[in-house]
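For reference, chains read A, B, C and D in written order, and residue numbers begin at 1 within each chain.
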Amino acid sequence: MNHNNEYTAVEMMIIATAREIQDGDIVFVGTYWPILAGLLAKRTHAPTSLIVLEGGVIRDSNPERIPLVVSDPCMISGSLLCGDCFDTLGMILHAGQADAALLSATTVDKYGNINTTCVGDYSKPKTRLSGSGGACDFGCLANKVLIMLEHHKRRFPERVDYVTTPGYLEGFDSREKAGLKPNTGPSAVITTLGLFRFESDSKEMYLDAHYPGIDVQKVKESMGWELKVSPEVKIITPPTEKELRTLREDVDPDGMFLRDARTVS
Amino acid sequence: MNHNNEYTAVEMMIIATAREIQDGDIVFVGTYWPILAGLLAKRTHAPTSLIVLEGGVIRDSNPERIPLVVSDPCMISGSLLCGDCFDTLGMILHAGQADAALLSATTVDKYGNINTTCVGDYSKPKTRLSGSGGACDFGCLANKVLIMLEHHKRRFPERVDYVTTPGYLEGFDSREKAGLKPNTGPSAVITTLGLFRFESDSKEMYLDAHYPGIDVQKVKESMGWELKVSPEVKIITPPTEKELRTLREDVDPDGMFLRDARTVS
Amino acid sequence: MSELAFKDKVVGMKQAVEEYVHDGDTVYLAGFIQGEPFAAVHEIIRQGKKDLTISTAAGTILVDQLIGSGCTKRVISSYVWNPVPTSAHAFRRAIEQDIPHHIELEEYSLFALSLAYFAGALDLPYVATKTLMGSDLAKRSGFLGDKKISIQQSPFTGETVCLIPPLKHDVGIIQVQRSDAQGNAQLWGVEGPTKYGIQSCSRIIVCTEEIVEQEIVRRDPARTIVPGFKVSAVVEEPWGSHPSYVQGIYDRDWKYFPFYDESTKTIEGFNNFVKDWIMDIRDRKEYLAKVGDERLNKLRGSSLTSNPVDYGHYDVF
Amino acid sequence: MSELAFKDKVVGMKQAVEEYVHDGDTVYLAGFIQGEPFAAVHEIIRQGKKDLTISTAAGTILVDQLIGSGCTKRVISSYVWNPVPTSAHAFRRAIEQDIPHHIELEEYSLFALSLAYFAGALDLPYVATKTLMGSDLAKRSGFLGDKKISIQQSPFTGETVCLIPPLKHDVGIIQVQRSDAQGNAQLWGVEGPTKYGIQSCSRIIVCTEEIVEQEIVRRDPARTIVPGFKVSAVVEEPWGSHPSYVQGIYDRDWKYFPFYDESTKTIEGFNNFVKDWIMDIRDRKEYLAKVGDERLNKLRGSSLTSNPVDYGHYDVF
């Protein structure tokens, strides 16, 4: 593995997501890419973030191997608190104390609504996906929801087929009108092309920044609706050597996620 | 201490209460006399009763000393489960699995309502008492509520000043109308004179049985209303030698309750 | 009644499932990535139970196997997947193509489901929450219809809230580190909503890595997650959660999951898998022999033990 | 934010109370017969805090002392007594005669209060229950008015239910067996509703019998009842619950309770008691010297320890 300036789009996505986590954040981590982003942040600029698991674990230290699922036993041994869903989903997330929640998504729409349930009609779907797990709770209740997915146009429909995890619903004040708490909801969507945020009034997703070498036009063509672009659209700083090295050597040294080693049976 | 036929009215009350507990009952035990009745039952005819504490303890064995309060540390060591109120008040009592609850009372009225809150008007009482603790929950939710108190006429008003713990409220179907579950509520009131039950329709308290040597007329005169008496009023079997010996030597060998030793400072 | 509190209820898995899991039952499966009751589920499949409603916090391939084997009529869960992560193929086939037959779903978020189990265990009429609202999980219900949730205004604040009514179950199955013969079961590690889920069940089967002397339980009653008086049967079943893990006893067999993924992509593949790993195997002992000592030994791992705590001995004043 | 998770927050009791308990605060006192935070309460009284709302599951003489000392404006509890059992005299004088001044009460049953703490800790809008109804606890409210409870019909079944809204607190005080310097506090023994009560507080003071290496906490994270990131201050205060007990550390000093009963029957008696046992004493160390080694040694008792459990060490695949 080289540590020069070469990096994959997925690595950039993980690193850009990690940068959204502030030091000191209490972070709920979902399965898949979120594991890497959460652990990378903790090993780089956010050493005093806390990693919280939906099943009931609060962890202040790095696990000794990469967890393949969030409730991997390596996340429990050496944690500070290990209990049940009420300890974490209840007394942290529902209590409004989750600074950030990291989620992976199958499709995301114009208002940041996530579908991980089905392609097509719910009652007779073309493709049935996994469902919510704790994702809907993260999306309803966390102060800063960070959504990760590899960018394909079909994964960005104007309106998702099924709202597994509420974003801003139909935009504007529809999220609060539905009963969700103020100051919660999607903060950013981070893909393999760039980083998207939400207009403060309309809550419509817009391109805030893209990766080096990615053309804005290409991003616009990769969305299922007419994407708005920030007038001051930024180019995201490429991975630093430290970020890349930490991700590859410390977070996922066996390449379980980065080289798909976990799918080898 | 002699073990002949002499016994106090309080001992008779404890023993008569203990006899109301069936072997195999799951028993919530309140503080004071209920401790003795519950432990006596367990040491005599109900060895497989379980003793459950509101604070979160399930105990199948006798403690090694008499607990002066139900959550005494001697009740925790060696228990089978020690957790919180949801383990016991929640998942046993509220879940409808408490076969019996033993309560002491200050005053009890015609429909088995208990007052342990105040004498006189609640907002400016003549005498302020302790309040509910878990008693109101026991009274609302247990299948068989057993109420213990030393008999004085003033402790049996027709209507209590304050319903700390619901009995049958205004009688008939008023308890269920208030929202309480069917098949719950007072089963017996056991005093130093005798044992009272409740009519199946009106839910009015009546004298079901009295102690040997106690005159029915005396009982009637010791109530704050015109007491009904069972046409087949029974005389309660006096304490057996085993009951008395177990109570005095095994349950309370130091006389903490029976000889008021716990009040010695 | 406490009749079950004092009874030695140790039986074999076959007998436990025969006696306490009935066709048509609503079955709660405890566990949360940790402690999934695979041994019990395989026995359910072997016995060909039918029309089950499977309820579990986080459905993994355990649920996939129950669906593909035709035991399952309905599923209550927050998701069904294969934690590679990838799809659970039998689940997909059932939903997309009614193979082997149609199944009905009732889906919650994990927290909403945890509250439903909590309400079930305590018999609370409902619990109000701020999660779920706005999602299609709230808008669409399955077989529970308008008994799934209810959106209301709080009489205290006027705010919009989501009411979650109780879920209860005919039978629950849990795998724990240790239990006494009476079923006082002790668990440590990640719990998810297991404590409340398992106590929302009318009958409980405790599967345990080890049956221990009751003295062990009594010396640390804070670890008891199910009191024995609620338990119908106790099965000593070491490795009962493989390929899932049991904290401190064995690791998650992560290679099993992509293997299952590959093996079950087709109906034929699934059927062969079930034949090889469930139907043609008599019991957990044979299963473990098939997994092989080499693999099992690798999963044993090393120790990190807690320090003892003192509960004190109180016999005098 | 996790800023408090990594901070050594060990301070003396005086400083903890000065910084984190303010006049007018709503103060939750943890403990349930076990673990009542007497040392902290005595410091509150010494500092002459005013207008406090005291909230506790089961009010004992701890609350009586806070009332009689004039620190308390309001009390939220399921009862206030002296567990001899007998009356709490200062409480009686306050209610019956407004001595030293009028106090307001909000009374719940223990389970209803537990649900209110649970709702507070999770920020649930309310929880529906079948307890309390028909009682005057349901019919009469104090300073919470119509925010105490609400009797409603269930939208699911039509049955009458009692809704319990959340109770939250400015500051909570808990006494535990052990904590690390960051406030990851561990407790065993009877809990009552402590876990939820303490986590319904904006600030938390952990008083601990012993400050332990964080490694001890990490080796048994299931015993953690408060995560350190929620904790403002950690006070090492051995014997901090005397005359209440701490499971496995010291016994309940049962003789204290009738002594307190006798001593506080009159206003003068109460005032003398408070002078002798609280005001004229600088800190817990002086208090313990006054109690005397003989008495303390008697309360130490003998051991009954748990067996270690294994959490496993997972560093490779």
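Everything below uses one rule, namely that a contact is a pair of C-beta atoms (placed from the backbone, for glycine too) under 8 Å apart; a residue touches a chain by one contact, two chains touch by 3 or more.
All figures in this text were calculated on a predicted structure; none of them were measured in a lab.
> Between A-D and A-C, name the chain pair that shares the greater number of C-beta pairs in contact.
It is A-C, judged by the count of C-beta pairs in contact.
> Please name the chain that ends up farthest from subunit D once chain centres are defined by their CA atoms averaged.
The most remote chain is A.
> What's the distance between the Cα centroids of subunit C and subunit D, rounded to whole Å?
36
> Hey, how far is the Cα centre of subunit A from the one of subunit D, in Å?
The computed centroid separation for subunit A versus subunit D comes out at 40 Å.
> How many angstrom lie between the centres of subunit A and subunit C, each centre taken as the mean Cα position?
28
> Go ahead and note the Å separation of the Cα centroids belonging to subunit A and subunit B.
Averaging C-alpha atoms per chain gives centres 57 Å apart.
> Which subunit D residues touch at least two other chains?
123-124, 129-130, 159, 161, 188-189, 196, 219, 222, 247-248, 251, 254, 304, 311-314, 317
> Could you tell me which residues belong to subunit A and also touch two or more other chains?
57, 72-73, 76-78, 82-83, 86, 90, 94
> Chain contact graph: line, ring, star, complete or other?
Drawn as a graph, the chains match no named shape, so other.
> Which bits of subunit C are touching subunit D when the two form their complex?
Against subunit D, subunit C makes touches at 123-130, 146-147, 150, 152, 154-157, 159, 161, 163, 165, 177, 188-189, 216, 219-220, 222-223, 247-249, 251, 254, 301-314, 317.
> Provide the residue numbers of subunit A that touch subunit D in the complex, in ascending order.
Residues 24-26, 48-50, 57-58, 60, 63-65, 72-74, 76-83, 86-87, 90-91, 94-96, 99, 254, 256.
> With touch defined as at the start, can you tell me which subunit D residues reach subunit B in the complex?
32-34, 57-58, 77-81, 83-88, 91-92, 95-96, 107-112, 114, 118, 129-137, 139-140, 151, 159-162, 188-196, 245, 247-248, 251-252, 254-259, 261-262, 304
> For a test of understanding, state which residues of subunit C touch subunit B in their complex under the given definition.
Against subunit B, subunit C makes touches at 1-3, 5-6, 121-124, 184, 196, 199, 217-219, 221-222, 224, 227-229, 311-317.
> Spell out the part of subunit B that touches subunit D in their complex, as residue ranges.
31-32, 53-57, 68-73, 75-78, 82-86, 89-90, 93-94, 116-117, 122, 124-137, 139-141, 162-166, 169, 174-175, 177-181, 262-265
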